[in-house]
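In what follows, structures are represented as structure tokens.
Paired with chain B in one complex and with chain C in the other, chain A is shared by the two complexes that follow.
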Partner chain A sequence: MINNKIGIGGAAVLLALSRIFTEASPLPGESTEYGMQRFTAVALSFITAFIAYLPLLLVLERTGGSSPLGAVASKSKLLSGFIGVIFSVYLFFCAAETGLRSYYYASGTVFDSAPASYFYVFVGAALLFAVHCGLEAVSRTGVIVSALFAALMLLIVFTLLREIRVDRLYPVLAEKPERLTADTVREFSRGSEYLIFAALCGNISGKRTKAVPVYLGVSCAAILLMTFLYNTVFGKLTSRLMFPFYTLSSISDTALLHRINGIDVIVWVMAGLLRLALFAFAFRAVVRDCFLSGKAADISAYVFGIAALTVSGLFTAYPVLYEPMKRICGSGIPLAASAMILPAAVFVCTVNRKAAA
Partner chain B sequence: MLGKKLADNIVNIRSYMKNSSDLVIRYAKVCGIDVCVVSFDGQTDANKLANLVYRPLSELDEPGITPERLAAKISGELLIACDGKPVGTVAEAVSAAMNGFCVILTDGTETGYAVGVQGFEARSVTQPENHRNIRGAREGFVEALHVNMSLVRRRVKSNELVMHTMTVGKTSGTEVCVCSMDSANSGKLAENVIKRLENVPVSLVLESGFIQPFLEDKHPMFSEVGASERPDVFVSKLYEGRVGIIIDGSPFALYVPKLFTENFIMLDDYVEKPMFSLFIRLIRWIAFFVSILLPGFYTALANFHPELIPDALLRNLAAAESLTPYSVLTECVILDIFYEIMREAGLRLPSNVGHAVSIVGGIVIGDIVVSAGLVGAPMLLAIAIASISGYIVSDISNQVSFMRFALILAGGLSGLFGLTVISFVFCLSVCSAGSWGIPFTSPLAPFSLKSMRDTFIRRSWRELARTDPDIYNV
Partner chain C sequence: MKKILAVILVVVMLSGCVPHTELERLAIAEAVGVDFENGIYTVTVQYFNTDSSGGVTAVDSTAPNATVAEGRGSTIESALEALSYKTGRSITIGAAAVMVFGESALFALEDALRLAVSHYSGNLRAEIAAARGKASDVMNVRFKEGNASVEKLEDMLRNAEELGLTRRITMYEVSEKLCGETKSVVLPLFQAYGGSELTEDGSGVIIAGGALCTGGKFTDELTVREMSGLAMLDPAPESIRNCEMTLSYMGGDTRVMLYKVKPHITPQYDGGKLSIDINITADCKIVSTNISEPYEQSEGIEHICADEVCSRSIGLISRTFTDNGADVSGLGYAIRAHSPELWSAVANRYRDILRSAEYNITADIRMERYGVVR
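Right, the complex of A and B next:
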């Protein structure tokens, strides 16, 4: 396995693609509601996410280029082990959920009648290859996939210009605030890229704190644009669509291609694979910082990938297993807790180190 | 080491060469001292040897001269017009003789003198077979190293061009020239290349391809080492800060590092107006994607997702496919393999027979298989378009063929999903290459806006000339 550093741009693009993937591939029961409150919810969730990132960004300078977990581990193995376990469990769940999202997306669009095992074998093999190729290769692939996404977005916007009905928009504050809170929390809880950034920021070269505002800004803009298209093109029909973005690409009639949902499938299947690979790399970084070193940490990434997809397969077969985890993670509490525990631990450890010095 | 006795030296040389028949040793007496000239049959020019070596030696008349003085006179005054170097050992003497020198040994001295009288048969400079262009020089590299070095030097009459010759291959003793332009980055790169070449374990280096694997990463598909038959392209690569390697016996010069985007850039792009360069480069990119994706996409759509095909087209495709006995995947695989067989046959046969194979294969068999109802005409069209498009990026035609075949299988077996997963794997594979400190997919990924001035678009020379290109700043 190649272990390389990635640039700020590559990191921001990967994180943004990962975040937008969750928007384009909702799970059953996560359908997007028509309504102007979603614009506010998305904007608020990203502001909340930025606030959640702030402590980490502030303490990052104290780690001197290494990862925050590594800085904690150098001071206290017990504390880093505790945080490492929390991160590992959360990363594992997120990876399994990504597998599930990919499966539902594929089976709901182009993989309808094929058995789930076939899907997981294909995805598993590609994931193992991605882990083998290394973070740098994944980052470069992310740049290519994001360019494809940008092209898809442009094609959709231009071909659906005549379908956009602005009269479906109404004043933002015209709705009751209860749903706004629930929507904001749900959007915030989808931002598990925090874990990826926290684990992998030791692999980002340059001024790594810059990657966060770029990723948040790009993701927020893309999701707001997608919401705008859902609301103005579909109106109240939005909530009845399992994959509204896929439907948007299906009705985009281009002269040559007739419809562009084939490109949509390519983008989101690849984005799902990239997200899975990112979780595997993040897990490897956590293991390397907190538990094992060298080859064992590298192997852990492969094991993590296979295990996450196996659990994802179990979730597909027995959705009841997934529900409790979904409720916990969907509350946003684990994410918020991670965003507090890690910076606090880094702060405590680095303050002690400075005092000792 | 060479000894003072000429007879012993000759015995040692003969024994070293195991009495090889092409070893030529001519004896003479110059001013009363025994002298012999050692050379290899066919490596020297007889006229040069007669006029530049034998005649001056025979005309020398200084009675009473000592052997040391004679040797000094030969190397310092008599043969000064020739390329020469002293040799101190049997191995050095034989090595020089094998490279077209004649070695003059004088009785009573421990050093010989090698005189450059190279004159072996070589192909003259002609137009390159593979990298043809519309406007530009018609000169291509040939097999002789020194001719190739002169072709490069003629294009860069500057002290910035540095050439370093060395020998690679224990048995073949192939001469190799490492070329670079004198700059900080290419200097380090050249050192790195020389180090790698010194450690090449291959005994017999007959072609540039023999040392290429030792200059590249262990990437299974793509090579970060470029090859060119054109001195002008080679020089332009050096100018960008790359390091070039010319190998004796090969008309292909290598350069490192090579980027993926270079497969879509040709010399003609720089002599056309930028607008036309942009157009033709876009056509090349489209051709590349058409070549690898079209048959796989067609198979995936026809097998699994007919709803993605426009209605009118779908009706035509269904009508054509309904007349054939095989599945779409089988048809596609058979046709693609058939095309690869024809391509291989066309390449290996003499050019006039190769054309006949193309005509028989392409027109006669292609027409018959459709009219006999064995394959559908749309499938044949898809394979034909994909194959022709593949020729546009000829440097990576093998990779294109492999990817096309894998994508046909993926698309035919698991539809758009499988096609996407395999495309992802190929994408990762391309993105993981890059062993010389520069990512193979630069400047696309990682993206560099500055380098876009000469990637898809080609800015005008007025703008390109403002800054010197540097491969390390892509």
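Right, the complex of A and C next:
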């Protein structure tokens, strides 16, 4: 039987893996700059993200065990339809972007000569299978992939211990203060896991609000550690590397495995797949809460997955199509707007209901 | 179970439909040499010979397990393509352990490494070296020992570093140094020569010092002694035994091994002039000596060892920092870590600042363990 309920731990691990995936698989133009400013921007972006989550976490107390979108839909179909459309479009772009990230990562590292069609066919088949298996199965796979990532990180730190040169760090929080806001917003806008949590929190059993600080804390720590390794091992070379984390794993030389970039590829191809599946589940939840119910909602997840991969294939072939969407979503405005609209709608609906009662 | 079997069957039966290259159709490069003459690149590749399995031993010269081939082209990529056409094999450089650049090709160092690093087709741990004259001369030396000639080159570099004759450098380290303000790096320098008893045809290779590349071109040659200074100012992260050196003391030769070598850098900027205090600390132990009761003399040996470390470091600084304004040891990082404001003040005219800077070198060497005297 397919189970779509997951625990707090599973949810936090999935969300953290999804967020770290965007760090390990940058798109062209998203290169990591050498310097201390990145630490500050990352820390500030996670503080901003936590603040953005706060209204949702507060209103979740009012909705009981149900999803916030469901709570809005039960009061106002029009309002839930409006939010549902915004969420659906944003989720669709995020899923297409995830497909694009996965493709760039795979083709930029080990599968450089593989045709794009092979990638999309295999990932598409795996995505359909993941959607068929359900959220719990994806969560279990997420735990395994996260454990693999933790092992990879440990191996990298252990093998590169001699090459970490702390004299490449310097005591400046923001060397280009005029760019700090833009850097922080860019980091913040990568946290589209907000949509996943908002849509799927009805599927998290237990004290679901706890998953957010855990996910934010873990992903912030992991990204800061990755940034530390880039700066201390590569120094100024960091700015020229397309996939610095992959490069770290390429130069890590363990006694038995030698280069461990193979593990890196397994982790991030799997993480990309899991992220795509999460967006598909989130879309299904939005459709179920706001538009359709029953089988039609289930089928929508499959259609969403295939459509998102098709569009990401189009983005690969015609980057000019991707740029406008990237500019809009990279501004952080859609994410910030989602973080305001949904809690406000839930608040209005639940206050009205209580007043009516 | 049926599902798993179905998946396995699909994978096994359809794998032949995917384009693939058989191992014997690949030329897996073990060492790559790059030369440039009259606007044409010559890439010499020493690759694993898959047809050598009939050899009686691993170094059977009738069936050598490494083959050397050359390709020419107007770019390094086109030279590799020409090589692929000539050998009938697809060239794979991801496993190359050594890359050697001929003197005339050193200007292309940055582009060549960017190609390897950015496309992830290169081994970032590959040793990078220069060749006095042509790199192809080094590639074509056929050693009698070792599974392939490239292993001998790697061993030579490793051994030379332990003996305090050079400072090895890997591809990602070179790429990092070329990102610095002065784009400067020193590569170990090979020299091919005739009359060696270690090779099949009498041609041999020695390590002749270092090649200084700065600002995108080959600028100067460093002596072995200056390369030893580099190993002290910028010790290699991988070195467990940093280097050995021979000291003349009490009328005899004493050979010591330095380890845990660490430079401590304190910059000062006063009146538009940069002054840099470098204190090198290291532990040492005696490797061989002909002094009777050498352990009684540990203080004297420490003192003379410190003098030698200072002398070698000054030699390197004078040749690279002062003469060429080339930061070859990552001094810029140390300045910024010490004072970001100072770095902001000097970064724009760093090369000129390095030329006029004053360098004060001191060394503290401690004989923590005596070692085994041979």
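In the analysis below, the second predicted complex is superposed on the first by the 354 of 357 C-alpha atoms of A that agree within 3 Å, B and C clash if a C-alpha of one lies under 4 Å from a C-alpha of the other, contacts with A are read in each partner's own complex, and residues count from 1 in each chain.
Just so it is clear, a contact is a pair of C-beta atoms (placed from the backbone, for glycine too) under 8 Å apart; a residue touches a chain by one contact, two chains touch by 3 or more.
Bear in mind that the values here come from a model prediction, so they are computed numbers and not experimental data.
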item: First, second, both or neither for A:E175, with chain B first and chain C second; value: second
item: Which of chain B and chain C A:K236 touches, first, second, both or neither; value: second
item: Partner contacting more residues of chain A (chain B vs chain C); value: B
item: Contacts of A:G134 with chain B and chain C, given as first, second, both or neither; value: first
item: First (chain B), second (chain C), both or neither touched by A:G81; value: neither
item: Which of chain B and chain C A:T247 touches, first, second, both or neither; value: second
item: Which superposed partner A:G108 touches (first chain B, second chain C, both, neither); value: second
item: Touching partner for A:I144 - first (chain B), second (chain C), both, neither; value: first
item: Overlap of the chain B and chain C footprints on chain A, listed as residue numbers; value: 110, 118
item: Chain B-facing residues of chain A, complex; value: 2, 7, 9-10, 106, 110-111, 114, 118-119, 122-123, 125-126, 129-130, 133-134, 136-145, 258-259, 261-262, 265-266, 269-270, 273
item: Chain A contact footprint on chain C (complex, rising order); value: 18, 114, 117-121, 124-125, 170, 172, 175-176, 179-180, 237-238, 330, 333-334, 336-337, 340, 343
item: Interfacial residue positions of chain B with respect to chain A in the complex; value: 297, 301, 304-305, 308-310, 414-421, 423-425, 427-429, 431-432, 439, 441, 444-447
item: Parts of chain A lying in touch with chain C, wherever the complex brings them together; value: 108-110, 112, 118, 162-163, 165, 167-172, 175, 234-237, 239-243, 246-247, 250-251, 253
